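I have a structure here, written as structure tokens, and I will follow up with some questions on it.
Just so it is clear, A, B and C label the chains in written order, and each chain counts residues from 1 on its own.
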Amino acid sequence: MRTPLGSSLVADLDVAGRVRAAFTAAPGEVMAIIGPNGAGKSSLLHAVAGLVDVTGHARLGDTDLLATPVRERRVGLVFQGQLLFPHLSAVDNVAFGLRARGESKAAAGAVAREWLERFRIGDLAERRPRELSGGQAQRVAIARALATDPDVLLLDEPFTGLDVSVQMALRIELGQHLRDFPGIALLVTHDAIDALTLADRVLVLDEGQVAQVGPPAEVAAEPRTAHVARLVGLNLVADGDDLMAFTPDAVVVSRTEPEGSTRLRWHGPIATLAPHGDAVRLLVHASPDLLADVTPAAATELGLVPGAEVWLSTKATAVSRYGARAGAGGTGR
Amino acid sequence: MRARTTRDRLGRPPALLMVPAALATLLLLVPLVAMVAATNWQALPGHLTSQVALEALRLSLVTSTVAIVLCLLLGLPLAWLLARVDFRGRGALRALVTVPLVLPPVVAGVALRSAFGRTGVIGAPLLEWTGFAFPFTAYGVVLAHVFVSMPFVVIAIEGALRSADPRFDEAAATLGATRWTTFRRVTVPLALPGVIAGTVLGWARSLGEFGATITFNGNYPGRTQTMPTLIYVARQSDADAALSLSLVMLVVSIGVLVALRDHWLGTP
Amino acid sequence: MKSRPRKQWLPAVMLSLLLPLAACGSDDSGTASDDSSAGGGDTGGSLTVLAAASLTDVFAQLATPFEEEHGADVSVSFGSSTDLAEQAVDGAPGDILATADETSMQIAEDASVTGDVETFATNVLTIVVPRGNPAGIESLDDLDGATWVRCADEVPCGKVALAVLEDNDITAEPASLEEDVRATLDKVISGEADAGLVYSTDAVAAGDDVEAIEIPGAEDELTSYYVTSLEQAENADLAADWVTWVTSEEGQKILADAGFGSP
């Protein structure tokens, strides 16, 4: 179990033209920030780090974060693309923050080596960044941020650009380090699995606004944005003040209008067909776009090809119905 | 099977371009080759080992080296300021810094005299309080060299700093580094190749400096007579000696080019 | 869409323009041409005179009446005597060569590019000090300890200065050996030097900017000026007229007014 000993982050930040978000995060908590490209995820992280102009307020315990210079914020940022100093070895990169804060070269080096050992790359200590693989470099970058013992750890798309197998391994590893990390962690990602496996809470950004905050399971089950619905593989349909979420395999596909009285039916041309596990997943340009899974046999039998007009329907019992503007979620656990 | 070359694919280079290119090459090379050819090789060792030549060479090397160190100490921070700090009038300051670059050196000498001459704005009070005056001293030579070389150093280094990713500075800041630490441990090391290129360029400019020096400092062996000044006065009485000394400068210049080849001659 | 890359040539062009500029502009012995009488129409031809730097002002004065009389254009190219003699030997376009020493004229004579050589003026070395004489220089003896300048040993005015100093047993070291007499004068006018050794004509030309102090016995080391028409003269008669003009009574009067002595 974590031992929360730091201070909570209470923020209401406005990066002009990029993002406006109010949120709180408690020590020991991992909050994932998800949303489509341009939603303002990175801007929000950079605002917390102090690298962009921002208005509003942010308090970390008693500290007014916005009035604090970047270098005194005790915030560790793992940049997208790592930004390891190319002229320094791995161990010198990790030791950089400690030395900048006044540690002796020897002491900083010793701590840095410990961190590299913890990430099981101690043998790569003397290598320059260009001699490291993507996964190794990302480990060094995370170690560099953690080595300064920050109150807030900011991770900006830490798995982007890595091979899928490397992503998997690093995700598990990062999960262990985040469990041990006593401070607040904010993780920007565009991958639902990161949010589901690493985060205690998820903050969904859409068009520069907070669309939803909640535990991962809740956000995944009752997404409020089309982006999150797509990430978790759900169909999302607005119905008055309500949203309806249902899985693609609960959708029935037919070439003719289904009989019966259900209102839950839509019509449109097939945009794409792609294998999905044992099934074939259709993307149908209905209003809105919907996903439907059918068996390969059914796909052949129905003559489903791109452009073909189909009817989709689902049973009311297969649909999760919830309010579109439910509370924005708690502030912690 | 022969690999197809660019020439095959795009056609022969047109004569309209090749002829001027060849002329340009000749124009640049022929005078230098002619100078080497005109050198009196028998007299060369005597010319180069004469007291006055050795003194001029020593003075040239010492003053230009001291000058380039000063250029770095003052110019590197200025280049950093221009590249990294956003302030009002930055564009104007950058333009001002380049002025000595386009100034005829003799004008630079007149300007230096107005400021640091014995009756100059700074030179007169300096002389009154300390009894020291720049003109006719090696210090004056260094001052003139710094004045004409600094723009080369600043512009070259500023370019290098600009092309370095400023996000590395941000990364250093999030890790707790002050701007001074960042400058020392991140910014400068990352721009080091450009810093070295700017330094060598400035040093070469300093070594060849003539107009500002002779206008501001005159010419006296061992004190203010650098290689270019010596060549200029030697030309009046002994053309062979002037050629021999010019050859030394040519060799040094080629040496500078070789040192910079990775920057300018890196492409085949 | 295409507009962005368009400016990429600009820095390169700027640099290529700047670098040669920065490297030149250092040669002080450039030419100055006198086009005070760029009169058009039917002139009696044009005359190009290569003249020693110390003749700068007086030859301009001599040119004006000559142009009026002959309806000719006179342009004068000034420089160090040695340079000009070498240029004449190399076939520089010129009708007249006027030098401030015999050695330079000898270079031209050896190359057989000269006509009859005439001595037309003399000059004498003098001390000049900046207006007000801040260092209180009164004679050659006061040069010791002062910041003073003279011409380099290689040029005619330097040779004369060496001889005068030797005659007077002066061992004081100059602060600088200037490349020609104009540069020497310039260091005094600007106040950088407390004193300088120049020709008396230069002291006259500088007017109120300097004060001249005569050197007793300097006339023992007279500088003689030589003039000749050149082989390559396009208009031999006009060239001969110039030589006659500077040695004529009227020409000599103009020279005397400028501080030159008669031969």
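The definition used in the following text is that contacts are C-beta pairs under 8 Å (C-beta built on N, C-alpha and C of every residue); 3 or more make two chains touch, one makes a residue touch a chain.
None of these values were measured; they are calculated from a predicted model.
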item	value
Central chain (distance from its CA mean to the mean of all protein CA atoms)	B
Remotest chain, subunit B as reference, centres from CA atoms	A
Two chains sharing the most contacts, counting C-beta pairs only	B-C
Centroid spacing, where centroids are CA-atom means, of subunit A and subunit C in whole angstrom	83
Centre-of-Cα separation between subunit B and subunit A, whole angstrom	53
Chain centre separation (subunit B, subunit C; CA means) in Å	32
Subunit B-facing residues of subunit C, complex	18, 21-26, 28, 80, 82-83, 147, 149, 152-155, 174-179, 183, 187, 190-193
Residues on subunit B engaged by subunit A in the complex (per definition of touch)	165, 167-168, 170-178, 181, 185-186, 189-190, 192
Subunit C partner contacts - residues on subunit B that touch it in the complex	98, 101-107, 113, 117-119, 133, 135-136, 148, 205, 208, 210-211, 214, 217-221, 224-225, 228, 232-234, 236-238
Contact set on subunit A toward subunit B in their complex	49-51, 70-73, 75-77, 79, 83, 85-87, 96-97, 100-101, 144-145, 148
